[in-house]
Structure formats: C-alpha cells, structure tokens
Amino acid sequence: MNSTGAAGAVLQLVLVAGGAPLLAGLMRQVRARMEGRAGAGVTQPWRDLRKLLRKEPITPRGSGPAFRAAPTVLMATALVPAAVAPFVTTASPLDGAADLIAVVALLALGTVTLALAALDTGTAFGGMGASREMTVLALVEPTILLAVFALSVRVGSTNLAAIVTATLHDPLRVVSPASLLAAVALAVVTIAETGRLPVDNPSTHLELTMIHEAMVLEYSGPDLALIEWASAMRLTVLLGLLANLFAPWGIATGASLTALPLAVGVFAGKVALLGAGLAAAEVFMAKLRLFRVPELLAGSFLLALLAVATSFFLA
Amino acid sequence: MRRLLGKIRRTGRVAEPPIPASEQPAPAAAAEFGGSVQIRHVDAGSCNGCEVEIASAFSPVYDAERYGARLVASPRHADVLLVTGPVTRNMADPLRRTYEATPEPKVVVALGDCARNCGVFAGGHGVIGPVSDVVPVDVEIAGCPPPPEAIVAALRNLTGR
Amino acid sequence: MSDTAYVQLLDLAAGVFLLAAVLMLWRRELASIIRLFAAQGAALAALVAILGVHQQHPELLGVAAGVLALRAGLLPYLMRRALAASGEARETQPLVNVAASLLTAATLTLLAYAVSRPLVALAPSPATQAIPVGITVVLIGLFVLATRRRALSQVVGLLLVDNGITAVAFLATAGVPLTVELGVSLDVLLAVLVLLVLTARMRIAFGATDLDELRELHD
Amino acid sequence: MSAVEWGLAAIAGLAVVAVLAALAAPQRVRPTTVGSCTAALGGAGIAVGVLAAAGRRGAVWLPELLPLFGVRLEFDPLGGVFTAVAGAVAVAAALYSIGYTRHGLDSRTVQAALPLFVAAMLLLPAAASVATFLLLWEAMAAASLLLVLAEHRRRTAVAEAGGWYAVMTHAGMVTILLGLLLFAAHAGGETFAQLRAADLSPAMRSTVFLLTLVGFASKAGAVPLHVWLPKAHPEAPSHASALMSAAMVNLGVYGIVRVGFDLLGGGPAWWWLLVLGLGAASALYGILQAAVTTDLKRLLGYSTTENLGLVLLGVGAAGLFATAGNRALAGLALAAALLHVINHAAFKTLLFLAAGSVLHATGTRDLDGLGGLRARMPATTGLFAVGALAAAALPPGNGFVSEWLLLQALIHSLPATAVATAVTMPLAVAVIALTAGLAVATFVKALGVGFFAKPRTPAAESATECGPAMLAGMGLAAAACVGLALAPTLLVPALARAVQVAVPGTEAATTGRLTLELSGITGSMSPLLIAAALVVAAVGILAALRVFGARRARRAARLWDCGGGGLTARTEYTATSFGEPLQRVFDDVLRPEQDIDVTHVRESRYLVDTIHYRRRVPDRIEHRLYAPLLAAVRAWGEAGRRLANGSVHRYLGYGFYGVITLLVALAVTR
C-alpha cells in the first residue's frame, strides 16, 4: 500500500467507470459490423446514459424501498470490485477486500438487490426475471469457486494481487492445462453472470425470453442509467479479471508512477480485445432454451473441476 | 461456423448510404435527446403494413440504429412512442396508459396515414379516431405505408444525428 | 528439448486428450463428436511423439505417425461415412441426461486419480503423473458405452476406451513395442469395421440404430 | 469460589426462580415475569460463557444432587463458547416470548418449560461427567418436547410433529447413552477426566464414536436423521423454534467435537470423512428442500439443516487435517466451524423470531399467501432482511465471514499428500459453493415473495406491526448479526482457546484487528473494509446524482401492465413459481409430486374452464427410509397388542407363568 497504489486504484476506478459504456458500445459496434450494419458508434452508450440521466425518474405505485435503493446498491457493488481488483496496479490500498471470493460475492450481492427490486414491483415479469436470474446465479456459484480453487492451488492464496503476481513471476504456468481449463470455465460463467448469449439475450424485446431485462422493465431515467451503467461495469470487471488472472502482463507492480499509464493502456487493450471477441462469438450463437442452460453450466462446472484435478495430478 | 464467417466476409457492409433528416422542425422535447432515442412501438390497430416498414427501417439495409435510435421493450425505457394504425376501441386505453407510463421528455410519432387520419379505416366499425384524438402527437409520418426512408428521416430528425 | 518445455508440452497434450473426451460427452451432434475424436487422436499422437523425442526412441515417432494416421485419419473417416449413410445427426436422449453425465465424468476423474495414485507412486515422473488422464478416458469411454443409444456413439465409446488404454500403455512403459501397438490398432480397426457393418445392417433391418430396439431381436 | 462458579450458581438459582414464577404467578403477569427471569438467566449464561471462553476455569461437584454419581460441572473455553451462544439466544427469545403469548402459550407448563429448557442448554456444555451429561441432555429433550407440544390443542399437525420429535430425540438419546456408557465402562470411570485418560482398543473407540455420532448428528439435524427438524420447527411456538434451531442443534455439534476430539482425542481419517460426508449431504439436501418449500418456518428449519451441515463439514475437515498432521489447517477449519455456529445462531434466532411475528400478525406461514408486509410491518421486514442477508452468506453479512474462513481452510488443503483429502476437498468446495448459491435463491424468495410486492391474501392485507417486546427480541438478534458481520475479529482469541481444547497445539487461526489475516497462510479479508467501501460508494453515487443528473422530480405512476388492466396480486410470482426452475433443474433429487387437472366448460372441451395445479415436494428421505421403518414398528406393535389386550387375568397369568418358568429353570439348573 503506497501512493502509487492509491493513485492506481483511483485510476482504474475511473478507467472502469468511464470505459465500461465504451466497451458496451464497442461490442455493439462489432456485432453491427458483422451483421452488415453501419452501427451507432462506440460512444452511443454514453449518449444513452447522458440522456437517461436527464430524464424523469418514475416510481411505480406499490413498490417500496427495495425498488428505490437497488440501482444505487447495484452500482456500489460494481464500483468496489473495480477499485480493489488488480487491473492497473497490484498494490491497491483496499487489499483487505481484494479477495477473489469476496469480489465474486459482491457481484452476486448486486444481482440479488436487482432481483429483490424486481420482486418488489410485484409484476409478473419482474418475478419471472428474478426467479430465472437466481436460478442461474445458484448454478454459476460452484463453477466460479472451483475455478478460484484451481487458480489459488498453484499460488496458495485467493488474494487477487497474490495470484496476479505469481503469474507474472512464472508465466509458463498460464499454458498449464489447469489454468487453461479454469480460464474456459471462468469465461463461461462470465457469459452467464453478465447475461450474454447463449444464456440470455441482452437485446431481446420478448418478455418471455428475458432474464436480466425482465427485472429492469420498471426502471426509467437516472435509475435505469445507473443499472445500465452498472451492468456494463460488471461486464468490464469480469472481463478484466479474466484478462489479468491469465495474462497479467503490463500491470504496474512497483512503486514507480511511470508504470501506471502503460498499465492503463495495456489493460484497456486487453479488455477491448476480449469484449470484441465475445461480441464476435455471439454472432454465431443462438440463445439456449432456459432448461438447456443448466447443461452448459454443468459443463463449465466439469471443466472447473478438471482444472482443480489436473492442477494436482498433472505435476 | 466457418461457412458463416465466409458469408459475412463476402457480404461485407449492406447498409445504404445515409439518408438526410427530414426538413420539418423537430419538436422541442427532441432537443434533450442528444443523439439517443429509445423507441417503444405501439400498434393501435394497424394492418401491419407499417410494422413491416418499421422492421425494414431497423434492418441492416436502412439501419436506423446508426443514428442512435433503438427499439426497447418497455415504455419506461422509451423517449418516443411510435404509434401505428387507427386507434381502435380496445387499444385506446392501452395507448393512454403507455403514454402515461413514458417518462418526460417524450415524443409521440404517428406513423402512417391511418395513425394521422384513420386512412382507409376512417369511420370504420371499432375505430375511434386518429392517434391525435387519444394522445398529443408531435411528429407525423405520411404514407400508406410510409417508406423506410421516410421513417429513418423522421427518426434522424429526432435524434439529431 | 528442455525438461520444463517437455513437461509443459506433455501436460498440454494430456490436457487436450482429456478435454476432447469430456467434450465428446458434452456435445450431441454426432458429427462434432467425430471431429472431437479426431482431435483426441491427434493429441494422443502428439503425446507419443513427445515421449519419443524425450526418450530418444525414434521408433516411437513412427508409432506416433501410425497413431495419427489411424486415429485422426482412418477411423474418423470411416465413422463419417457411416454417419453420412445413416440419417441420424444427433444423439437423441441418452439414458443419462447430459448434465448428469457431465457430473458423473467429474467424479470419474477423481476416481481415476484415486485409483491410479499407487501406480504413479511406483515411479513418479511427468509421464506417469499423466496416467490418471488415460484411466479417466477409459472410464468415460465405458460410461459412453453404457449410456448412449446410437450405435455410432457406442463405437465412439469403444474407441475412447482403446485410446485411454493406449495412452496409459505409452505413459506407463517407456514405449510399447511397435508390434503391440500394431496388434491393438488392427483389432480395433477390425472391431470398428464389424460394428459399422452391423450398424448398416441394423439400419436396413429396423430403420434406426437405437440399441434399445435390439431387444426385439432377443425375443 | 471463582466467578464462573458464582455464575453457575446464578444460573441454577435463576432457573429455579423462573420455574417457580411460572407455576406461582397469575396468568396476567406470568409471561412478563417468566420472560424477564429467563432473559436474566440467559444473561447469566452469557456472562459465564464469556468468562469461560476467556480462559477462566471453574468446577463444581455436587455429590448428593444425583444418587451414585453426583453432578459434576466444569467449564472450559470450548464449552464456554456454546454456553455463551445459548445464553445470547435465550435472552432474545425470552424477551420476545413476553409479547408472544396467544393460544394458551401462557399456560403453566409451557411457561415453566422455557426456563428449564434454557437452563439445561446453558449447563450442558459444562457437564464434566457422563451421568451429568446424560441428565442434562434428557432434561433438554423433555423440556423442548413440552415447548413443541405447546399448541397441540389448536393444530393436529403439532401432535404429529411432537411424535416425530419425541421418537427421534429419544432414539438419539439411547445411542448416546449406549456409546457413553460403553466408553465409561471401558475407561473404568465416568468423569470426563477419566475418559480422556482411558486408552481403548481402536475397535472400541470407533464403536463409541459411531454410537455417539448417530445421536449427536440427529440432534444437529444432519441428513438422514433430520426428519424431526422440518416437522418440529414449524409447529413449535416461534421463540421455541428459535431456541431449538439456534441453540439446541449446536449442542449436537458440541457433542461431536467434545467426544470425537477431546475425549477420544481424534481418530482415524474415516471417522472424519464420515462426518464430512454427513455435513455435505445435509448442506445440499437441506438447502435444496428449503429452496422449493413455500412454508416460511419449514424453509428456516431446512436452512438450519443446511447450516449445521456446513458446520459439520468444517468439523470433519478439521478432523481430517488433524489426522494428516496439519494442525494449522485443522485449527482454521474448526475455528471456521465454531464461528459459523455463532453466526448461524445469531441470524437464525432473528429469522425465526421474525417469522413468528409474521405468523402472529397474519396467522399463516405460507409464503404463497403472504406479501406486501413491508408496508404493514416495516420494522419486522427490515430485521428479516438483515437476517436474510446473513443467511444468504453475502457480504456484508456475518454468514459470509464464516463461509469465507471455511473455504479458505479447504482451499489451502491442496496440494495434499493424502488421496482422501485431494479427492474430497474439491467436492467439498463445490458443495459449499452450490449451497451458497441455493441459499441466495432461497432467501431472495423468502424476503422478496414473503415481504415485498402486494399482499396475496386478506390475512396479509390486514397485518399489523408486532409489539415492542417482540421487536426488542428481534432487535437484539439483529444487533448481534451486525456486530458479528463487522467485527468478527473480536471473537478470534476466544475461538482460538476453544479450538485448543479440541486440537491441542494450534495457535490462533487468524490475526489482525480489523482484517481477518490467516496465520500460516497468505490470505486476508476485511468485512469492515468491504462494508465501509460499499457505504462510501453508495453515498458517492447519491451525491453524484444530486450534482449531475435527475433535474426532474420523481413521479409516481401505475405499474407498467403492458397497457392492459391493472395488475392484481393474482398475477404476482408466488414462492411456488419462484422455486419452479430450481425444482425442475434438481428434479432427479427432489422428485416433486405435481398434478394438474383441467376442467373444461360444458359446451366444448376446447374451452378451458379452470385449471388446478398442485405441487408437493415431499421429503424423499423420510418417505424412502422412515416409512418402511415405521411400517415394521407398527407390525411389531400389532403383535404386542394381541399379547396385552388389557384383561387383568391375562396379565396375572403372565406373571404366574413367569414365576413357574423361573422355578422350573431353578429346579433344572440345580
């Protein structure tokens, strides 16, 4: 914990908060281009947010504090990981919260608040979305923790900074089957957690096929802005973790302030690359039927378990 | 997958060159949109001709999304109500409720002649009148059905891009 | 080649070998199952080649080439032909649903690890360390044989078992004699041909290759 | 006479006073007097427990109190922790009980049973001889049974639940009795000191362990011995459920730790694998049932099975590590388990008391019939939310802290040399993770469906906030939850001492004042920091919104009902529909029974008139395991009845034949 660490933490917080909408824009743009469209441009989500912040917030009658508080809490649960996770620097002053399990749990907390808000409105769609989201969340947890397990076995700690530093010192580790399997498993759960295809279709208009969207149908104006923004940040955070847990090169470890700009650039590049890849892959996918999703998650769970297993039987 | 990728490469970009925005002055509310317009489409009793045109306006060819317009699933998310068809008796209240559910600032677009003046359905059984009888209309798009170019032009006028 | 590189490559080959087996359990389309099987054959060949290079056994390289030709080339080709002949594209409902069979595979892996522990303990080396992978593949193969309905998946199961045995043989001993490998491969080839012929006959007789319909033969 | 001994005296004295008050006081003031006396009793328990956990020792031997053996009480840190927990729960529950007095809950027996039950639970961890232990155990069982049966006049289900509880608890009692007597017989003495000193043959040790394990596991509600729990907890009055579910079940864990670690001094790996397996099974099965049930208190009961399962999992892991010689990890795992016992006690008390308030206000426990309570009982809803957050093991709740510790212990067990560890740990981690995920879904359901949205029945419509006494009881429990969530580090020294009793030679599992830093392993997590960060972030966001966005005033509008008519409560998602996807995913495990009957209108069979959908998720273990057992027992009973048909002559005849056979036997053998 030092001045560089603090600076880095602030920097990556700003980076994630400011970059998340751009990432969403980039992904939409890639998708649009592959569909032969011109696309709305990378900065479109920012325009949407600006406009939403100006619009009129609406509280449906018969909803309670849970509905009002959810956007703020969701945003908070997205901001804290963005500040503590080793994206730009490994020396975050909030190391006490930079635990992989804690970060995962925080993101889950965000999902829960949104689900509660959806139930709070008492609409049928809200309940449906909440129920589905919770089902997916419950099935995703084991995979995440097993992947964490596989990653921390070789390091001997679940502290994010520790894992990243260990990988930096021993790059060959990354190509070991264990960490490759873990990477795939984490990628799958990232898709499931952030409601991308094939688990959920972020741009659907059919309520009956919705998971995430169904929960936010009642939100408008600034509330909606916070939710959209937070969802983008969650995606960024998870992709960032994926990037830095398996390819942490370029991150600032020392106390030199000069390393930070480079780190920022590299991190932005990595996440942008991952996002573009994900968006491109989505073009080839159709949404899974809801009850095929457990199959997908069971598969990722198996991969995670294999990751753990291989981490102790392949040398 | 490989085949699809090849197809994508061969097809390339199908979007037509940009269509200029319509000349008619944009409503005051549109000033606050700043290049982003979320649209909720309400079918108040249309023959679905307009729906086909809307679909093609948002298709890759005309790609209205490139100007910052997007169709959304809930009026709470919407800035613009895109109303088609003459308002039938059963759709009057839903239309009012949709209008009431949309947060300020909001713009109502009456799309197609039916929406503007009941078109061929004027005086028909079950038709209670044009959209403007039920909710205040800010923009009208003529045509039966209006061509995608007209729709895109009107939307560009709203997004200001 | 350096020791660390050798270990890395070996582990990587073993990992791919295992992953292919698991994915075969996961996918439903028979075509992609065959593709995965070819990939597994390639991984096996790579494994053998790596061992050969490391242990300076040139003949192992020959064996590797043979393995590649047979398991990544000939067998998939035969199966693809059988698939084209039969109209069936997918493994419709296996006896154990996919999610459950994936979880089973997970436990099988741990089981294989537990049972092979003493084997590995005899002569701990990177090669023997990977033996559990081979055993896992054998178990998964048996599982496929037990739970899949389509005759083609049955063939795949058999071949999985054989791949696993071969892998274990190569990993455990410092290079199987060429003749053994040839013998094994040949009778596998034979078995496959027989099965494929059977499949064809069954299809002619019953129109489908759902093995449950074989019961009709028995009463 | 040391402070601890004074405390023991106080407990005994207050218990007597409370019982006398219950018997003597007039009905009007009875609940108040008994409640306050019991609360004081709990307070004394806390004091003694804390002193003991702080390392102060104290022993009492009353030779004349119990013939032949005498009562032998002795406190050590391990017992202290459990006594303190029981005391804390008792305080909250007793305060609550002052306000929770309808349907004859203020009758003499019920009121007298309460302090008796509490006193037994407070003293049990101090029992230092087999006789004392069994005596207190039986007292606890009997008193709790009386509480379970409190409302048997109103609901027949109570009688059935009581029956199950009586049978299970006494079956457990018998096995414990056998085990400990066997132990004592071979040790040549019945004080725990003598038992510790004894050296038994491995076979005998295993027999003792298994026998006692059965009894203790059934008390801890572990699968498959859990069947009494989801029956008794919903039917008992809520403060009794809280006491049973938050304090009594812990003593099952206490028994396993005391006998397995302390008295038998650890054992072979398979013991602990067994415990670990029991724990894993309980955790998964419990939370699965909780996820699909719609009865609020039944849900909480199953969640108790789940949490105790996690605790047992930790205990088993600790034993496994100890046998493998890894004392640091063993200490960590056991500390995690004990911390989870404490956390679970806190939030489960809160949740059961809140559920009691709901039952009190609406008269129903069925989530499908609740809803809309947040407007009508805001305080209860808020408190329940605190408990739900903890139970869902999400930060910044206290449940998260102990599960984090447990996960740390398991994760750091690899790379391991023992095959058993290497194979079980990944599975254990997976089980914990799946349990955590399902727990989240379960408590979102309980809170979101039960308390939010619109009321689904007139009963829920007309609910009103409960009285101050009940709120006070819940408030205490909630405060405990918050305290444990923010400053678990304060407990570290006490836990370390307690762990040392079980696994000698371990130092404190964690260090650090604000941050939990694992000792010997790299790993740290600061609940306080996380909570603070969340608060700061939230405040920052609100401030930013003030400054930048939201120039327009907030408007209230009708729900977006897709333009159709207004949404009624009938269109809301119910608990049944909320749990449906999970139930479908875990169909093979749960085997729900559901039937749909569609009645058509008379004119045409293409027009549907009504659709009835019914779904039950029966406890499969109960059906598969216990139904045959009960059938067999019943058969025996039939046989017995034919022998004893109530005619005096027949009984005299039996006696006569008996004497004759005896004489004949004597004659022959002479």
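Each chain carries a letter (A, B, C and D) given by its place in the written order, and its residues are counted from 1.
The criterion applied here is as follows: a contact is a pair of C-beta atoms (placed from the backbone, for glycine too) under 8 Å apart; a residue touches a chain by one contact, two chains touch by 3 or more.
Since the structure is predicted, the reported quantities are computational estimates derived from the model, not experimental observations.
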By count of C-beta pairs in contact, the leading pair of chains: A-D
Centre-most chain, if every chain is reduced to its averaged C-alpha atoms: A
Mean-CA-position distance for chain D and chain C (Å): 49
Distance between the centres, which are taken as Cα means, of chain C and chain A, whole angstrom: 37
Whole-Å separation of chain centres (CA-atom averages), chain B against chain C: 57
Per-residue overlap in chain B, given as positions that touch at least 2 other chains: 74, 76, 101, 103-104
Shared interface positions of chain A, touching two or more other chains: 54-58, 217-218, 221, 294, 301, 305, 309, 312
Two or more partner chains touched - positions in chain D: 422, 426, 552, 555, 557-558, 560-561
Pairwise chain contacts under the document criterion: A-B, A-C, A-D, B-D, C-D
Chain C-facing residues of chain D, complex: 419, 422-423, 426-427, 588
Touching residues on chain D, where the partner in the complex is chain A: 291, 371, 374-375, 392-395, 400, 404, 407-408, 411-412, 414-416, 422, 426, 429-430, 432-434, 436-438, 440-441, 444-445, 447-449, 452-454, 514-515, 521-526, 529-530, 533-534, 537-538, 540-542, 545, 548-561, 567, 569, 571-573, 577-582, 584-585
Touching residues (chain side chain B, partner chain D) in the complex: 42, 74-76, 91, 93-95, 97-98, 100-101, 103-104
Chain A contact footprint on chain C (complex, rising order): 4, 7-8, 11-12, 14-16, 18-19, 22, 26, 97-100, 102-103, 105-106, 109-110, 113, 120, 126, 129-130, 132-133
Touch list for chain A against partner chain D, complex: 52-66, 72-73, 75-77, 79-80, 83-84, 94-97, 99, 101-102, 105-106, 108-109, 112, 115-116, 118-124, 126-128, 130-132, 134-135, 137-142, 144-146, 148-149, 152-153, 156-159, 162, 217-218, 221-222, 225-226, 290-291, 294, 301, 305, 308-309, 311-312
